[in-house]
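One structure follows; several queries about it will come next.
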């Protein structure tokens, strides 16, 4: 719902000074946790998320095991203090949906058949939220999976586009998201040029959708490079 | 184990059919199954509809109650969309609290209603900041033969059109119908063996690597999308699905209008 | 609690025009669902219920299996829109008790020993409620079990009697139930003339109870014929 | 497995005894075990009672709190009856939320209190539509040797007779006892091998195919019945149980009055 | 939080007439329940608690079994009517913590290695509460374990000390606890002179703490004698 | 099974080290690992801090909301301390509602804050009996390498010092910082092979039979203690732990003050 009188675009620039096709600043740190098998801290503007990976490890209960491949689990969780109004701990409908969507976004790149009967657990904690947390979580998780040594075909990169004041723009922040007309998070496998996640909220014409999809896919390519660089740095350090 | 083998066999069967341009029930790849829409089926509900798409069957009921508005929208009513995948409807549904599938179903339908601004929420405010109507849209699945989203979206919109505001029961006065500003229509497609299929059956959903729902408004704009499952989709394919979806939505909308007139 | 001044009986007739020993109109459809192994749609006045049966099928968790016979499960559930004030989804104390009572009403006729280690699931959804839903559910479930091919000694038939304005009458509707003095749902195996379920709420003399029980048992005989007829029609169609 | 065999053995033992007109503990088929009733046992409760029937032991506590009335009875107080089958009381009870057995126990006891209009709920209204007394009747089972319903019903009625309304704690004035208009008494019977037994022990409950509770008022009217388990019962048998129950209820009521006078 | 103007000590005596180092009256009954394998009713002032023990018995689920020893479980539960304001049934955070603390207080004396793969269940019900219920529960549980024939190295005895009106005193009742400055429940194995549980709430100097600990340990010795006597009486009766 | 053997091996390793006066990471028995404290790390929180003790990492966030006071303290604000042992932080943490470990962590930290009267709750009353500030202290564990209590207590106190009261958001006026009257410091020690170790690592916690947290105020008084696990401790040993704890607390407090000045 748009606040009255708010103008999200002035003189061709967004409130935070970005151009329409500009990402917020991104910071990636790999291997930040000791106990996890792999981990990644990811900042995108004011979003602060951290992902940890455990596994492949024995799956309980046994009857849920898959005899042919590993089972991937994904838990997206917001810290109570990550949002304006304290979030009650525990899963809600939104986090259940995001966990599902994010798991499905990552599944195509994971060589699950290497580890039958096991589970691979991805845990994503949102420490601070400013719109786009699900995409930040997928980016972090993708790097954390690599850090954990999980065999993967490729990385997954994720970003949202949206529509504000009638313009299709990249990577909405919270003010834009709350006062915008549409939001569309995607995830993609950059090197194969395919989409692994796509959602859309709000209202867009078909042409806006097409423009937005291209914009998001281009941004994923930028994010992919940052993810790769962070991983290379990590391993060159070791 | 026996069951898993049957699943594989069915998947192969559907896959091979589709590769030959055919489907289990003989229809074309882009055809919907027969749609039946009946409204006002539940007297105790403020609005209701029963939708069948082939063997898939869903009842949607709308109830209104009084409550407080959200603090950030003190002058607007509230919509709560809920889906129950009761175990009556499918051997794979289990009793218990909503799981990720029922949550997703409810949230995709909700997204269509909300994104298209189907309901004028301002009209549902009784006393700013204090008292508003809460519109519960309850999706009750009776038979799951695939494509619940399209059936539930049709049912939700039909129920809303059909809803009487129970002013009297709460000692209020005012108009007694909802102001429905838009009639969003969801079109769900899946990809099997490189082919796009509209309105997947249960077996086709199981054989598909990926799927996509696109929700269209009357003017052809989109107000909701959701990709399903862990297969990936190419950009071209998505664009194609959006075009196919737009066409099917038009047809679905005509079908809907016809049946609403008769059944409503 | 009786509303002030309400008269439930006028000139020997009830508000909906029925005599004291008259059932509400009943409609039965068999095999209405595709995915279920057996199903039945049942209307009794303004009650609309649907029952589905799955099984016998493998029981999970294994330690709950019975090595000698199938385990019968029964879930009575009200749709949120089935009642005046929206019912919150999920089981409450009332539905837990009704599920237990209904399962016990059906158990005597099911040849559970034919299918050791399995479970047979009966799911009953109340789509619209107007008093007597538990009896409508048992009637529907009984037919759905037969439709699923579950081996049974016989059908079970169910109805309630009650007391309104001092008279013992058959098959209360919601207005009568809310303003009446007593309600007594029973279930019986008609051909063996035995009771498989009996509950009583409210207040009755012993003589009223006896009169009521006879009235209910007679009505069960009528319902039994309708159940049989619906099943015969279903199988002659096939 | 060993345990299941013991269950079978016990069932056979009880069955054979009953066929010879006897019971484990030597009493007659229609006899109750010794009943002990003590009231006012819990100071922190507004009313309380401890009931033993043989080895079965139940504590019932009544607490009063303030709350809103139900919308359809704005001038009446509220009764909430709750039963805890805590795992202390029996090896087959498990910790966790109420299951179907504890729900049934609470609901049958509640039915007796409510059906007999034991409490004048109108007296519990403080401010119509706004504030009424909520009467919590909590049944806490300590030792389950069968026939919890009769013990819990005795305990509930005794606790209510014993209850002091905590006006002072809430800054209210008014009379400080509940107006108890009726003293319902539950009689539970089971059928084993064609014989009717009153007041079944735990082993007898396990050996029985069916059972019946009948709740009687002071004038002999019935205000609650519940059949148990999956055995069937013939019409004649039910009529017989109602007659036996009516007689036993009279006896139980005398016992109750005697002990209330002493213990209260 | 102290009520205004309340005086907890007058003329060297506490409100209920006790001296600083005096226990409330204790009453112990052993073997009070038929169905339990062992049981004990314990009164300490206005606290009334009952403990039951079941086991060693087969543990479910199997994957939770310990191949080397029995698993001890402990459930502290307050009856809804045991306190001034009715307690909602079911565990809350307080009872979860007390159950953990109490289990750990008893574990050192139990010869768990005698019964691998089994569980021993201790259930404690608080029927009436007047401060110190966790210590009363541990005392009752210890006796109930002995009554159940569980092999034990020794009994565990438990009591609290606290600080009221600036004085360190033994075994606070509810008025003292609500208006006091500190509360410290302990558990000990008297014959080995070691502590198995220790918690402290409120504020105390180090010297007060030391004084309090000695006071509590002395009182445990008294309680131990009462526990022993009760068990001896029970077995001499049999 | 393999894992259990590794646990045994690690326990033995730690035990043998300690018997030789050494620790895994080379520090002395009474030494803390390196402590890093950063405050104001979460903009969306009213107060926040990130604490590292060695590899153990905890974020604490403080949020304020409006609510009703407890009936027995109508003129005081409310503190709610909550700990999430999210499965990200340790392979042995599982998703789900709070278990006994997270409840204990929250309650021990809470005890320190409450027992020391760190916050002046009277200042948090807005309208007696009606409206007060509720202070949520949320402990979010990110990496569990032992000694969560000390890290969480440091984080909680640092967050409170750092908290801005969001008067404006709720249309209120008033001072915008909490009145922090005391800065409690927790010192956790364990006993391994007769030796006392301060600030146990995860492996040391697993090797220990018993442990003790003592919470100290600025004047050296104690305002909270908790013994851990099922080993027993002698009286002398406890007295020794209290003395060691008091010394360590002083040092920790100096460290804390230094870092607060820089980081706050």
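Labels A, B, C, D, E and F are assigned to the chains in the order they are written; within every chain, residues are numbered from 1.
Heads up, the rule we're going with is that a residue touches a chain if its C-beta (ideal position, glycine included) is under 8 Å from a C-beta of that chain, and two chains touch if they have at least 3 such contacts.
Quick caveat, the model's predicted, so the values are computed rather than measured.
S.K.: On the document's contact criterion, could you list the chains that touch chain B and likewise touch chain D?
M.R.: Intersection of chain B and chain D contact lists gives C.
S.K.: Could you work out which chain's C-alpha centre is the most distant one from the centre of chain C?
M.R.: Most remote chain from chain C, centroid-wise, comes out as F.
S.K.: Give, as an integer number of Å, the spacing between the C-alpha centres of chain E and chain B.
M.R.: 57
S.K.: Would you mind pulling out the distance in Å between where the CA atoms of chain A average out and where those of chain B do?
M.R.: 26
S.K.: Spell out, as numbers or ranges, the residues of chain D touching 2 or more other chains.
M.R.: 98
S.K.: Would you tell me which residues of chain B are touching chain A in their complex?
M.R.: Residues of chain B touching chain A: 72-73, 76, 98-100, 103-104, 106-107, 111, 114-117, 212, 217, 220-235, 238-239, 242-243, 246.
S.K.: Which of the residues in chain B come into contact with chain C in the complex?
M.R.: On the chain B side, the touching residues are 42-45, 48, 55, 57, 59, 61-63, 65, 82, 84, 86-91, 95, 97-98, 136, 138, 140, 142-145, 169, 202.
S.K.: Quick check: in the complex, which residue numbers of chain E touch chain D?
M.R.: Counting only chain E, the residues touching chain D are 33-36, 39, 46, 48, 50-52, 54, 57, 75, 77, 79-86, 89-90, 121, 123-125, 127-129.
S.K.: Under the definition above, what is the set of chain E residues touching chain F in their complex?
M.R.: Touching chain F from chain E are residues 1, 93-94, 96-97, 99-100, 103-104, 107-108, 182, 184, 189, 192-206, 209-210, 213-214, 217.
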